[in-house]
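Working notes for the structure below.
We just call them A, B, C, D and E in the order they show up, numbering each chain from 1.
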Amino acid sequence: MLLKDTPVTTDKLLSVQDLRVHFHTLRGIVHALEGVSFHLNRQETLGLAGETGCGKSVTARSVLRLIDPPGRIVSGRIIFEDRDILTLDDTAVRAIRGGEISMIMQEPKMSLNPVIRVGDQVAEALLIHDTSLNRSSARTQAEEMLTQMGIPEAHRTSRRYPHELSGGMAQRIMIAMMLVTRPKLLIADEPTSALDVTIQAQILALMDKLVQDIRTSVLMITHDLGVMAETCDRVAVMYAGNIVEMGAVRSVLKDPQHPYTQGLLKTVPDKANPDHPLYAIKGNVPSLLQPQNHCRFSDRCEYAMARCSREIPPVYQMTDDHEAACFLHDGQSISSGGKQVDLMNP
Amino acid sequence: GRSDVLVVGMATSDIISLDPAKAFEFSGVGIEAQIYDRLLDFPEDRFDKPEFSLAESFNVSEDGKTWTFKLREDVKFHSGNQLTAEDVVYSFKRVVYLNDQPAFILTQFGIAEDSIRAVDKYTVEIKLDNKYASGIFFSCLAAGVASVVDAKVAQQHEQKTDKYPDGDRGLTWLSRNSAGSGPWILRKWEKNESVILDANPKHFMHPPKLKRVIIKEIVEATSRRLQVEKGDIDIAWQMFPDQIKSLMKNADLRIESSPAMVIWYLGINVTKGPLADNRVRTAIRHAIDYNGIIDSIMGGAASPINTFIPEGFAGYEDKVYYKEDLDKARKLMADAGFPDGFEIEMDHGDQTPSPELAQALQNSLARIGITVKLNKLISSQLWPKYRAQKHDLILARWGPDYVDPHTNAQPFADYKAKVLSWRNVYYNDETSAMIQKAGQEMDNDKRIAIYKEVNQIIQTEGPYAMLFQPKYEHAVRNNIDNFTAAPTFDLWKLYPITKK
Amino acid sequence: MLQYLIRRVVTLAITLIGIMVVTFFISLVIPADPLSSIAGPQAPQETVDRLRKLYGFDQPIYIQFGRYANRLAHGDLGTSFQTGRPVLEDIAKYFPATFELATIALFFSIIVGIPLGVLSAVYRNSPIDHFSRVLSLIGVSMPVFWLGLVFLLIFYFKLGWFPEPGRLDIMLIEPERLTGMLLVDSLIALDWEVFFDALKHMFLPAFVLGLYGLAGIARIVRSSMLDVLSQEYIKTARIKGAREFIVLTRHALRNALIPAVTIIGLTYGGLLEGSVLTETIFSWPGLGRYLGTAFLTLDLNAVVGGTMLVALTFCLVNLVVDLLYAFLDPKITLARS
Amino acid sequence: MNTETQIDKRLARNQRWKARQRYFKDSYTLWRRNHLMVVGTTIIILLLLIALSAPLLATHNPLDQILSDRLLPPTWEHFFGTDSLGRDIFSRVVHGARVTLTIALLVALISTPVGLIIGVLAGYFGGAVDEILMRLSDVFLAFPKLILAIAFAAALGPGVENAIIAIAVANWPSYARLARAETLAVRDNDYIQVIRSMGASNLRIMVGHITPMCLSSIIVRLSLDMGTIILTAAGLGFLGLGAQPPTPEWGLMVSDGRLYLVDQWWVSTLPGFAILIVVMGFNLMGDGIRDILDPHQRQS
Amino acid sequence: MRYNNHVNRKTNQSHNPILLTVEDLHVYFSIREGWLSRQRATVKAVNGVNLSLQQGDVFGLVGESGCGKTTLGRAIVGLSPVSHGQILLKGRSIVGLTGQDAHERARQVQLIFQDPYSSLHPRKTVCDLVGVGLKLHGLANGYEIDEQVLAMLKRVGFNIDHLYRYAHEFSGGQRQRISLARALILRPKLLILDEPTSALDVSVQAQILNLLKEIRQEFNLTFLFISHDLGVIRYMSNRIGVMYLGHLVETGATSDVFEHPQHPYTQVLLSSLPSIDPDTPSNRTLLEGDPPTPIDPPPGCPFAQRCPGVKPICREQAPELIHHGNSPDHFTACHFPHVD
């Protein structure tokens, strides 16, 4: 009953095109996103993977147009169904937020308002989007939702404050709050990173069930490739403000086409041989203060060529559903679909 | 309505009690004086000699020790009780018994509890321990402490307190209530807020013209000024000289003034180093820029004075002993062996205009080489220091306790009275003896002559530099008539005032 | 709860005892003589000595202290030199006026300070922010007596918008004294004329006094609001699609107020203190002035009584603040604070 | 020791210097971005300059009384007019900067170390030490500050020095509170625990590791308190317990001039503005220092 | 066979001497509980733990959040109060040391914290941070300190440019390396690593783990490696212990525990781990509910409330950590261990 087993329709729900986000900080302009493009189909789960600071959360927040100063969305289009979120007026955006697109964040306890009872917080989500609803029926609906979330004694729990709940419980509340309006798209920004593995398993199973029930699409952000493998239909791998590789989950994880994805997969110690050193990508994440004018992975890349440090690699299409932004694929050009290079064992 | 209510803005925070036996502050005595009557009283515009009030005649024995007063028979207290000799006896005994601050005004004549008795319903006999000048005695009988209290009412409020385990003679109650017969009835006293006096239309002599007087406590002079200009108060009591100038431009107001019975002086401790030399003291007296100080700091609202008897009292002399004369002063300094001057301290109070005056004096004395270090002290520090004879120079003022030159002559010239002369360690047996003599001189003219003689000595070699006698200046709105400024609050009569 | 209160009361008692001891010994080391001041500059030495005996100041210090402590323990604050009345009575008389003024002033600082702080935070580093910060700073930076006089000059004298200094028009009759607070008493008596007149008289002094608290409140609200606005749960509220106004009030302000409450408590202490000068300017018959003169005349009983009352109020306000804190912040259990 | 790691002392110094330079450069950037802070610092620097060069700037002797020139309005001869004793107000304001600065700085120098020591001790040891020290500070805190200062000033006798001590006495408890709170927050932090697990003594932890963390919030608080300090000094001066005339102390000048407020506004208003501006300068600077010292600000 | 006996046996037969022994360790905290009340509750953070580390071991400690891993580690360096039990370093008790003894212990045992951001003093330069141990123990002064610090920094991958920077100028991985340098500069025998990589990215984690392995060899260290990441534990340690609610529920050689988990909790833990291989079938055992709090825990087996195979006895009697199965070194605290 995992998400990846659901049938994929090709009807695009969300399409992000050439998104650029900059932050004007003390040290200069942080070029956080440098032309991110991807799309998400209806009832599909797209995974967004990458290391800290690569721009996952910024991407997610951009979709809801929630980039606060000093950040600014410089360019790009975010087409949700048939509307461009970036050009809507505030009221329309607010209607989308929470109503059609919801988002779960990483720290469940920090994301709940500490002075409002959790039941009311869930009910508020309903009230905002359905003005005909009265308070008490919103509460009832909220409690029903909590029961659905497998929360014991939903009525009592709904009268509690966030600090009285465990992390797992708080995350359930968050999910309830974000799904109670039956949104078309759920963005989950590392929903389980702060939780223990056993709790993580519970939460993932729960999300899986609910997403099925209300037929929503999911943008699943995580840096845990294991979680990604289990929950997503397609994945996109980000590095320093770019999507470097995107495709069906199996194809990307089994047969990565970008050196960064490959490295990432190899550094996971799960199955590594304890007697050998772990594979480690050399160097550090580059500073985002410079605008991108070449492949940002080039100085850590084992296959780097001269042009890598001069040009920005375009996106090459490997198969219908697998693309990578790397000059190694030059020649197997975008249109041809081309043959694959076995980069795993060069 | 406002038309029969007079509103006076005044700083009255010094009031502690309105009981005649206790009140001894400017405002307390001033208000108490409106509520009670005394055997003798001063008229509203002359202060050299008291007139009959409750008493209608008197007798004095041959030896000058026994005084008999005949009372009017038509006086009723506010309570409706008849005022009789018993009330007078009770009131005087009360003062002696309570023995609070103003008591000395009576006890200085040796009046004790058993020295006063009622001869009949309207005759009182007072025995003194000695012969005293009648002028002094009468002035004291016109002082607030000699007010006659309604004995019945006071006895009703008798209570035992820590200080008076045998009963307080109604002191506690009378502090905030009244049992008098005067032209005004105390309606309410709220400390820091207001005193409200209602007219006593049945007063035997001076039924007031207005219905009510409200004395509103306004501490800040600026605030008083704004309110009188605005018309929220009718009289702004005691405006500062610098305010007067601009108030005079206001057509709705006039300034009423009267010399205050206050003398500002510089006390000189004659045991402190160079100050022991009268040449130095005289140099100091010549170094002071009297006119500059009066014109600038006092805004002209003061006059120079070279006597300890203020203008308004019998014996005042308009004679000038000292003028600013730096050459003379410098020469005297050189003669005394201080051509380059010396350093000395001056203590002074913290209330305007003391600090300004002190600074001006500092400036003046600097011109003859005397470097003065100023000590600004709060009153609870200043006076103990003065009493302990620990000062070098002190800027101070003196106001009379009762309305007779003796009240000034004695402290300034008789060190045995342990007041000013003593504090400045000026022990002159000659002047002391002369003052004692004056105290018993029944002939007023002779008495005054003695004071003048003493003054001469004090001015030439005494421990003071007399600075000036200030004026009281009040801003009065033009719809107030029959206002006569008086040299003290208790001499100020409220009853004649009318309002348009 | 009960235990907690008992603990607070014990602490309070210790504090009060400390204050008493400190005040008493300060009064001893002060090189000044209250009696000399009571007797006035003119009284001869004998009078001073007589008074000294009358007031029991001729006794050795430890006896004085013993007596004094004993009296205090019996709830007797002694008699004031300056009014000649029991200090307790004086306090009962003057405190309500100050309490009323300080409370209204606090109310004013809160009403204005909080929105100012919120605006500053929301429009951080914008002209609004700068304006509100400078404006509120003027409140703390001006000597109260100066500001009070200037306000009187402008708003009373020149413009005539507000009545003369004082609590009530001199011609009006105060309603029966129940609480001592004119606004309350006149409400009880349904005396609207007095009520509105008292309110008018209250305005300027409360404004001047309130300016003092305003800056502190605006500043703390600003900084805690900035803090709160960067929290995740604010994002959550926005994600839910809440209107910005709701986000600011329901979600942010309630959290931002939690630290502000403490400052408000402290401000109240400052207001009581600031009343010394304000009351002088505005002819306000309150405790501040009473205490001010008491100190200048070294009216020891009044000083101790008044100071203890101010301290007591301060402690009580802090207790209320702590309770409020627990009420506002579900995380707080009072046992910990 | 490996020669490769031998440190060239010049190089080391150079590196340290560079690190410091980076720190200052960041501070400068943060400073420059905060406009109000720039204003505040400028005011305080100006105050310092004025205080240092007072004799040069003053057009008259601040103590010279010319009684005939009383209460003159501002003119080219007297920029700020003259006071009730005919002294030049501008010169007095300029010289007053020295007095004000001295008072503010000395109070800071006395009360912060006391508060810091007591607060850190209470916070670090907790328990009975905390209880005793905090009750002590409660007693002082519960006193209205001005009244406590009056009491102490009265006890010690009037004068600037004693006023300074009195204000310091009234002020230390709030710093103790702050230091305690800060210590409590820092005490259980990992970086303190590390030092402790390495065997550092309590004294070293308190002095070397906790105090620096308390310092910044105390500095911020102090600069915000400067205004109150100056005003309390003025209040004491007003009551005759602070600076003594003819010292040109601003508070004293304001209260001396309040009698003339209606007709000769300049006498008390101009020194009043001096107070206003300086207090505002300190406040703005304090707000800014908070931002600059905040390590979070640097990370972004 | 009880674990304690095992300790003795092990001492006798192993060629590697025992470095650290923890015997029946209890760490209780007393906290105030509830609204306005003064009532105190006891947090039994570590509730009777026995373990021993041989010289050269990497002992991995896993368990859910709040199970007491950190508390145990901190107890060893004297930062948590020991309510009962013993901690022996080379046979000498190191509980409640003060003064010179504590100093000595500090030189032998060092701790590295989980959070790279809060474990470095924000107002000090790297040189001061790392050199503090030398200064404290009087091992060097003046530029000697700088030199030794630099040597150590070079070992963990920095150069002189970094010597005088402040902590905020470094990334998380770099900070952990600074912490490592700080710990190593005193040449300790035992290093307690409290989730040293859990705040880091996988690519940085790999660098740190490799570095740790090298360092261990080079400095002849023994590790107590705390983590909740089973993959990391498996890669790093030769022996592991699984903790649950203050108890050690299973311990043994890494391969034994991973391949033949005996305790139901260990089994759940292993099954919950998502695999990066999309083809691996996931057959999860989902646990009911949240982990209970260690505040006044009920008697019986700590896992009883959530155990899928719970029996009545589990709720009454706490199982002891005893040897089950074939592997000699494999101990489990369960009444019904899964032994194949």
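By our rule, contacts are C-beta pairs under 8 Å (C-beta built on N, C-alpha and C of every residue); 3 or more make two chains touch, one makes a residue touch a chain.
Computed from a predicted structure; not experimentally measured.
More C-beta pairs in contact connect the chains of D-E than those of the other pair, out of A-D and D-E.
Ranked by separation of Cα centres from chain E, the top chain is B. With each centre defined as the average position of its C-alpha atoms, the distance from chain B to chain D rounds to 48 Å.
We define each chain's centre as the mean of its Cα atoms; on that basis chain A and chain C are separated by 54 Å.
The centroid of the Cα atoms in chain A and the matching centroid in chain E are 32 Å apart.
Computed from the mean C-alpha positions, the centre of chain A lies at a distance of 91 Å from the centre of chain B. Those residues of chain A in touch with two or more other chains do not exist in this structure. For chain C, residues that reach two or more other chains under the stated contact definition are 31-32, 149, 153, 157, 296, 298. For chain E, the set of residues that touch two or more other chains is empty. The residues of chain D lying in touch with chain E in their complex are 1-2, 4-7, 9, 11-12, 15-16, 18-19, 22-23, 189-200, 204, 209, 212-213, 295, 298-299.
For chain A in complex with chain E, the touching residues are 2, 4, 51-52, 152, 166-169, 196-202, 204-205, 223-230, 249-250, 253-254, 263-265, 267-272, 274, 277-281, 284-285.
The touching residues of chain B, counted against chain D in their complex, run 220-222, 225-226, 240, 242-243, 245-246, 289, 292-293, 295-297, 350, 352, 355-356, 358-360, 362-363, 374-378. Residues 2, 5, 7, 13, 16-17, 22, 24-25, 99, 101, 104, 162-163, 172, 175-176, 190-194, 214, 216-220, 222-223, 226-227, 229-230, 232-233, 378-384, 386-387, 396-399, 401, 411, 417-419 of chain B touch chain C in their complex.
Interface residues of chain C, counted against chain B in their complex, comprise 31-34, 36-37, 39-48, 50-51, 54-55, 79, 81-85, 90, 93-94, 149, 152-153, 156-157, 160, 163-167, 170-171, 280-283, 285-286, 289-290, 293, 296-298.
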